[in-house]
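Paired with chain B in one complex and with chain C in the other, chain A is shared by the two complexes that follow.
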Partner chain A sequence: MGAYHFNWFLAWQSFPRFYWGLALGLELAALSLLIGSVIGMAGAFGRSFGPTWLRLAVMSYVEFIRNVPLLLLIYFAFYGLPKIGITMFDNVWSFVVALSVYSGAYLTEVFRAGVNSVPVGYTEAAKAVGLMPWQRVRLIILPVTFRIILPSLSNTFISLFKDTALASAVAVPELTYAAEWLNVNTFRTIEAWTFAAVMYLFAGYGIAFILRRIERRYAVIR
Partner chain B sequence: MLHDMSFALPQLLRGLGVTLEIGAIVVTAGSLAGFVVGLSLLYGGFAVRLAARLYVDTIRGLPVLVLIFVIYFALPAFGLRFSAFQAGITALSIFATAHIAEIVRGGIDSIPRAQMDAAKAVGLTFWQRLHLVILPQAVRRMVPSWVNVAVEIVKGSALLSLLGIIDLLLAMQNVVGVTFSPLPFYGLTAFLYFAVNFTISRIGGLMERRFAYLKY
Partner chain C sequence: MAPILKISDLHKHFGPLEVLRGISLDVDPGQVVALVGASGSGKTTLLRCVNALEDYHKGSISLGDEQIGYQELNGRRVRLPESRVARQRADLGMVFQSYNLFPHMTVLDNVALGLVYVQKKSRAEAERIALSWIERVGLAEKVKSYPFQLSGGQQQRVAIARAVAMQPKVMLFDEVTSALDPELIGEVLAVMQNLARGGQTMLVVSHEMMFVREVAHRVVFMDGGVIVEQGPPEEVLVRPRTERLQTFLTRFRGVLR
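Coming up: the complex of A and B.
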C-alpha cells in the first residue's frame, strides 16, 4: 500500500471532464430511450395487432437482442456497419444506434405489457362513442398505457444510463471514459474510479428520486 | 471463406468455453453469497441489515463496467494483486451477489407473514422454519428472476473482454482482425451467445414448471 500517494487535486482539476462525461451519458441515455420508445411502441402494436409474419418478426427481434451482449451490438454498430457500406455514424452515433436497438427490444416488451393491460372496456367504450381506430389509439390506449408503464420507463432510463458506461469501449467521452483518461494520464487510479463511481451513484439515485416523484404525480391511483 | 472458418471456429469455441466457465463460476458464487446476503437483508441485526442494504444498493447503482474497472485497476493500488481473470470473476460475482440477494429477499418477503407465524406456533426453530416452510415456497418464486440474472451474467461476461480475457467476444474480435470478414463472425458469435442464453431461459422455464404448485 505504502507506495500509493493520494492526490485528489489532480482528480478535482479534471472535474469538468467528469461532469461533461456525466452529462453526455445522460443525453445518450435519453436519446436512446426516445428512439427505443418509438421502436418499442411500433413493436408492441405489431406484436399485438399485426399479421402473423410481423408478430414473428417482432418476437425474433426481441428474443435475439435480449439474449446478446450489448457490447457485441456496440462493436457491430461501430466496426461492422461501415463494412457493409453504412459509414454515416461516428462513434457517438453508432453507440446511440446500438443502444436504441437494444432498448427497443426491452421497450417492446414494456409497451406490450402496457397496451395489453388497458382494460378491454376502454376500447369498447371508445368504439361505442364512435372513435376511429387511430383516434382510439391516440386518445384512449396510448395515454392509459403511458401512465401504466411510466415506472418501467424510468427504470429503463436508469439502466440505460448505466449502460452508457459501455460507450467508453468505442471512445465516447462519457463518465467512464473520463475515469479511464485520468487513470491513464495521471495514474491517480483510486481517485479516478472513486470519482466516477460516486458520480454514477449520485446521478443514478438522484434521477430515481426525481422520476419517482413524477411517477406519483401521474399514477393511475393516487 | 471455408479456410477462414476452419481457422476461426476453434478460436471461437475456445472463447465460448471461457465465457461458459466465467458464467458457471460467477452464477455459483453469486448464488451462494447472494443467498447469505439476502438472508442478512431480512433477518440480520440492525448493523448487518444496514451493511447488507448499503452493499446491495451501491452495487446495483453502479454500471458493471465501472465495478470491473474498479476491481481491476484500483485494488492493485492498495497492494492487492489480481490476474485479469480473477479480477473479472470477482467483479462479476460481487455484481451477481447484490442482484441475487435482492431476489432472495423479494422471494422470501412475498411469502405471507402468517406462514412464519404458523411455523413458530408449531414450535419449529428458525432454521427449521426457513428450511421446511418458507424456502420451499419462496424458491419457486425466485426461479424466473434468478434465470434472468444468469442470462445477465453471461451477457456481462462479454465486458471482461475489455480486460483482455479471451472470452467469446474477444475471440471474435481477434478472428475478425485476422480474416477481415466481420459479418459472418459477428453473426456466428451473436448466434452462440443467443444459443447459450436461450438454453438457460429454456432450462429456467422447465424448472418453473417442475417446481410449480399446479401441474397441468
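Coming up: the complex of A and C.
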C-alpha cells in the first residue's frame, strides 16, 4: 500500500457539486421542517383535544417513529411506497416524505409541550377581552407557542439538516453524496470527506448564528 | 333603578368543596361594589363565575336582562355555546392579579386587539381609541413597548386600559394590586379611582382598605362562600355588626382608624 497523495485541487474542482449539495440539503431540511410542523401541530391538537382513538393513533405514531431508525423510513419511502402503488415520489421527494414524517413525530411533542406551557392566564385574558375560541388560538395561543418553542424549532432544523446526509443512501445529490461521488470517481477519499465535513461545520455554525438572532428578535416573553 | 348586574342564589363547588353557597348580589349602574373577605372565602371564584370563566351549579347571573353563560331550555339550565359566551364577555371587563398582558404584542396592540377583533372597528379607529386610553392611564410614552419592558404597575395600568377601552358595562377587578411592589400600588389605584369617578360600574376585590373606604359605594364582606354583611363603607368597615367581620377587620386596624 503506497503513501496517500493529497490532491486538494481535485476536490476544489468539485466545489460546485458540493455547494449545490449543501444548498439542496438545506432545502430538504427546511421543507421537512415546514411539513413536519404542520404534522406536529395537527398531531399536538389531536393528541390533546381529539377523541380517544385519535389520541392513541398519535401516540403510536410518535412512539413508532422514535424507535425506528430514520434510514429505515427513508428506505421504506423509496423502495416500499412504489410497491404499494404510491409511485408519485422520486428519490428526492420520497426522502422529503420520510424526513417530514420523522420530524412530524418529534414536532408533535414539541408543539404539545409548547401549547401546554402557554400560561393559562393568557387564554383567560383573551376570553375576558371577548375573543372567539378560534381567535384565541390564532391570535394568542399559536403566536405565544411559536415563541416558546422557537429554540426547539431551531435545534430541530439543525438536526434535520445533519440528517439530510442520509439522503445519499437513495442517491439524492446532497453534500454527503457529493463527497461520495468524489471519493468513488477520484479516490480523493480524505479530501472528499474533509471537504464535506468543513462545509457541514460552516453551514451548521451559520444556521445556528442566524437562528439565535431570530430567537432573540422574538424573545419577548420574560 | 334596575341593577345592571344581578347575581341570584349562586352556588358553586369544586368537587366536594362548596365555595359559593348562595350568593345574591345586585350592582346598580355607576356603582362601585367592593368585595372583601379572608383568603379562600370565594371572592375570585365569584368574579370568575360572573365572567363565565367558571361553571356554576345553581342560581343565575344576569347582565342587563341577559343571563351570562347559560340559557333555560325546557326548564333546564344549559351552558351557552362558547361563541355566545365570548360575545357576552365583551360587555364585561376583567383585570387579573397577574396582569396577563399578551406578551407578544406591544402596549398599543394589547389595547387595540379587542376593538379590532371583537368590536370590528377599523385598525385606525381602534388605535385612536386605544391611544386615548393609554394616555389616560399615563403611559403615552410606552405605546410601542412590550409588556416585558414595563414595570408591574405599568403592566397593570395597560391591562386596565385594555379592559375599559371596550367600554364594558361592568368592570371586574381581582386583587389587581396584590402582585405589586408597595410603591407601585398607588398609581394603579389612582387609575381605578378615576374610572369610578367617571361613572364606571365596578365590582372590585381588594385588600386596600383605604381605597375601598374612599371609592366604594358599597362593601360586601364574604366568608365561607356566603355574604355575611354588606353596606356603605363607613358602616361596614367602621361599625361591623358580626363577629366574623370584626375579626377580619382587626388586621386592618392601623389603616382604618
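We adopt the following convention: the second predicted complex is superposed on the first by the 218 of 222 C-alpha atoms of A that agree within 3 Å, B and C clash if a C-alpha of one lies under 4 Å from a C-alpha of the other, contacts with A are read in each partner's own complex, and residues count from 1 in each chain.
The criterion applied here is as follows: contacts are C-beta pairs under 8 Å (C-beta built on N, C-alpha and C of every residue); 3 or more make two chains touch, one makes a residue touch a chain.
This one's a predicted model, so the numbers in the text were calculated from it and none came from an experiment.
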item: Greater residue coverage of chain A in the superposed arrangement, chain B or chain C; value: B
item: First (chain B), second (chain C), both or neither touched by A:S48; value: neither
item: Which superposed partner A:L71 touches (first chain B, second chain C, both, neither); value: first
item: First (chain B), second (chain C), both or neither touched by A:L201; value: first
item: First, second, both or neither for A:Q135, with chain B first and chain C second; value: second
item: Touching partner for A:A126 - first (chain B), second (chain C), both, neither; value: second
item: Which of chain B and chain C A:V144 touches, first, second, both or neither; value: second
item: Residues on chain A lying within both footprints (that of chain B and that of chain C); value: none
item: Residues of chain A defined as touching chain C within the complex; value: 119, 121-122, 124-133, 135, 139-140, 143-144, 147, 218, 220-222
item: Chain B partner contacts - residues on chain A that touch it in the complex; value: 1, 4, 63-64, 66-72, 75-76, 79-80, 83-84, 162-166, 168-169, 176, 179-180, 183, 189-190, 193-194, 196-197, 200-201, 204-205
item: Interfacial residue positions of chain B with respect to chain A in the complex; value: 58, 61-66, 69-70, 73-74, 76-79, 151, 154-159, 161-162, 169, 172-173, 176, 182-183, 186, 189-190, 193-194, 197-198, 201
item: Chain A-touching residues of chain C, taken from the complex the two chains share; value: 51, 53, 82-83, 86-87, 89-94, 96, 98, 100-104, 113-114, 117-118, 146-148, 159, 162-163, 166
